[in-house]
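Labels for the chains are A, B, C and D, by order of writing; each one numbers its residues from 1.
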């Protein structure tokens, strides 16, 4: 390695060469999504997973678990606002919430912005992930120290079954029901029937992330999760939003035995009254658009017949969220 | 290279190795999108561009011009239904249409599904691209031979300026106004004022593709195109849809001096009455959702002050559509 | 897709964008080697393997089997000159040769350049590969039609064992003994002892390709093949050469019970006398350099104790040649 | 991000997903070489260059300057042993050495292993690179603190021209003479004639790294550097070695007005007598092989007519060493 410039004052062009470090994810076998890297900030290994925090050029800091992007600094607000605010806003007065999973802390952070909230229980199985996120995800630091938050390390199903209390809202912030993955049991009809529903208070709302919801990808798990929930609850609302770092539309499903139906204006009113600070992504009109699915997707959901049971899970290749 | 298996009956696993041929696109400097390839079907070079037709695993046949994906077999219907049907449906009785660009033929194909149409003029500058698409894009073959279609090889601006007749709908199916690209002159206020508007009949509608419209990418050109059009027309409607092969939300803007505002039901009625065959992507509710932009994007559009002029173009890195 | 240039005479730069189609090979889990593609010329599937002929920018036409590069137009001459000429030149008068594998035809092509040759038997198990190469590899067309060549479709071991005749030279042009691969049985001490040696005439020479022979990679199989052969033959000569398209040094081993030792001058003389046309890679001095291994590799070979047996095969990840 | 495993004792497989962080280098426009990454250890920017120290899986720690691999932990010993030991061993008693470039410190490290050495002057233009390497390259730490080493920050040409003293050996450890690069002036006939030669003592030897020397790549600069040196010196010895992390053979050229010709035995003797510790790559036989070039390369070198002058530089795409 040698001398690189004569003393003739030629300036050094930083753009004379291409990006050389990349994060690469196989969204499907045949499809890759690659981010230029600034650095690899931290890596760790838990009992269950390999964890990495990357500093990417297009999407900022990115949490990657077992080679799958979990969330990226610049757009995780879309995922977490969509997961948390619709069920809380549609509930008349949400006080206590149970999060299945959610170890990253962003779901708790959004919940704790609601002034109606008394208690949030976050139950994640992987203590190292929780500790890793607590240490490194600056945006969630305040939430992790909020006295209203209680973190429990346990299997969410076992925990829910062991508890007597009921919740205003239960949130499924779990990995997708992927092939060989450990989470599909938390997406089954019997789990919803026997574990989730009995732990909701009167008027309570359940919400779950529901995997990719794009024009092609919504048949992987989104339509089945929707169909499974409508076997169990009277009112079921699917909705979706584009998350750039996932390279896809993402889906969520809310479900309740009480009607879930507010006008754009009422949603906007409740946001103003209950939520500290301003949402970046979600307002009444955005939710109205997000819950009006496109023709193709609506049709698929209407026609879906598959129901998740422990015997008949349906898996995906591993978009975005993964075990 | 030698013998590969003993005669012991061991079977050959086709999945024992990874995909080895890939199409790779730099969506931005820091972001890549890669499709596994089945084959490279055809390549060609025109006076203006390099053209390739690839057979990709995730998105079927893909038309690539100068290293940029133009459209992919499996999802081009989203782009072309969104470009064509909203302006035609909002027009009371569209009979003649002028397409600026559109050499691929898909825009003409969608137009010709409308039973009100008498004449479609497609004006593209690159004869080789038109011939290439005519030869290889099977889905558009019928459209290219429809007697209502007239293909003209010329610069769209020169052509429009030289013609006396006026149109019910003018469609901009042009490359984005990218840095150094030749098309930005077809996105300026003066072009809209002096060339497009005078060539629209009373009640006529102009629509243009308007580049990426994602939560981050909409500030590249979408917001400026919108703002430029609202300097020129009384009624301007921006809308967007996710196109999986583009790895982003895409945007379009409709503009007119007559109101553009129909109910979901009226849109669905007109589709049934006027369009041959059934849309795959678009119906009334889908358009209602597509034209309700999310909070972030709405805000940006409201606050946008940039106007395209020949002196102050705004360029993008080259998402999807490119010169 | 639209108009791409105004009629202002701006010329079209073909270099304004990056290469977009690539062949990608994982040389090891952690190491990739990627060639820009012009086209995918042919693909096929045999009973045993997937076959593809690619047109690559850096190395011309490339034969790829099961996702592994077998040989590339621009540098296969190095591999095949090194495999064929050293044993034939060291033999006083080679008349008949048996090739185990070699379905590509290049080994036969090099053999048939020797004017001493009466008969070449090429025994490859995969008829489709042989037919594919016969059809598409123009450089070997003449060889495939040479009356001195006899092509047999069979397992090389079974074929050798079933034949009574003996050979001046036997050539192993087989896939590496990789993990789970079918060829390792053709690299064992017992195969050399019981099948190969008895089929060599007095003074006969055996040669085999012997996998990667780089400073790090030679311990994968090269040193073991060398050590196995020196258990069986009195004289064993390892040698190596860099093959650019393999991104590594490659190795071969010659073995005989008669001395294999000629001066640079005698090698050059025999080449002039016996070989039709001129070699591109190999001459006397090149062989002298090729058979003088570097310190690290010499040491490893001297100290190697592993012997291939059917019970104790040693596998490699799958450099270059593969089953 | 959620719970990833039920408490059923399922173990976590770390190999269930593919490598996701990669270093990627374009060896040529059409050829890429990619290493899986463990981490990005340090990055920095100097007045002249961007510097990075990466931890790669296949080649250990790698120094990358302006997107080009400079040297990798696992195989830099090949490059540096080949650059340093041949000239020092062929010199009867080398006491003082001048390194042009060499800021990495590895060239100095190898020099300082010779017990004849009194003084080493390393003259590199980029202080930040020198400081970066001093801090982070543990293998060179001792060398950087050796009292026999004097580090000078200056343009090597200006420095050499300003000094009165003469050297036993001068070493060119410079970037290749690439297109637009600043170093080509240090490869010209006039530089060798007017600056280098006058600064060599009687019997002195000049050596320079000479770029890629593969079967195809040797015509980029290796043959020209060789031919330029034989215009200036009576004895010129080109030699080469494969460096795995460069994915190519690399070349060096020694030149002197005294004969450069020792037997394998004498080289081995001098190594034992003069060099502290044992070489990993180079011994007498290795040098004999390294300096016996293959037929193709020998021919090109013999026939080369190009001479580097300030007016007629020949550039390469940027293999390995770069400005």
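Just so we're on the same page, a contact is a pair of C-beta atoms (placed from the backbone, for glycine too) under 8 Å apart; a residue touches a chain by one contact, two chains touch by 3 or more.
Please read all numbers here as calculations on a predicted model, not as lab measurements.
Engineer: Would you pick out the chains that touch chain B and also touch chain C?
Structural biologist: The shared contacts of chain B and chain C amount to nothing, since no chain touches both.
Engineer: Suppose each chain is reduced to the average of its Cα coordinates; what separation in Å results between chain A and chain C?
Structural biologist: From the centre of chain A to the centre of chain C is 52 Å.
Engineer: Measuring from the mean C-alpha position of chain C to the mean C-alpha position of chain D, what distance in angstrom results?
Structural biologist: Spacing between the chain centres: roughly 32 Å.
Engineer: Two or more other chains in contact with one residue: find those residues in chain D.
Structural biologist: Touching at least two other chains: 19, 22.
Engineer: Report the topology of the inter-chain touch graph, choosing from line, ring, star, complete and other.
Structural biologist: Topology of touching chains reads as a ring, each chain with two neighbours.
Engineer: Write out all the pairs of touching chains, ordered by chain label.
Structural biologist: Taking the chains two at a time, the touching pairs are A-B, A-D, B-C, C-D.
Engineer: Where on chain C does chain D make contact in their complex?
Structural biologist: 19, 22, 28-36, 56-58, 74-75, 78, 214-217, 241-242, 244, 247-249, 279-283, 285-286, 288-290, 292-296, 298
Engineer: Applying the document's contact rule, which stretches of chain A touch chain D when the two form their complex?
Structural biologist: 1-8, 10, 12, 14, 16-26, 37-40, 43, 45-50, 52, 54, 63-68, 70-71, 100-104, 106, 123-126, 129, 133, 154-158, 172-175, 181-183, 185-186, 209, 321, 323
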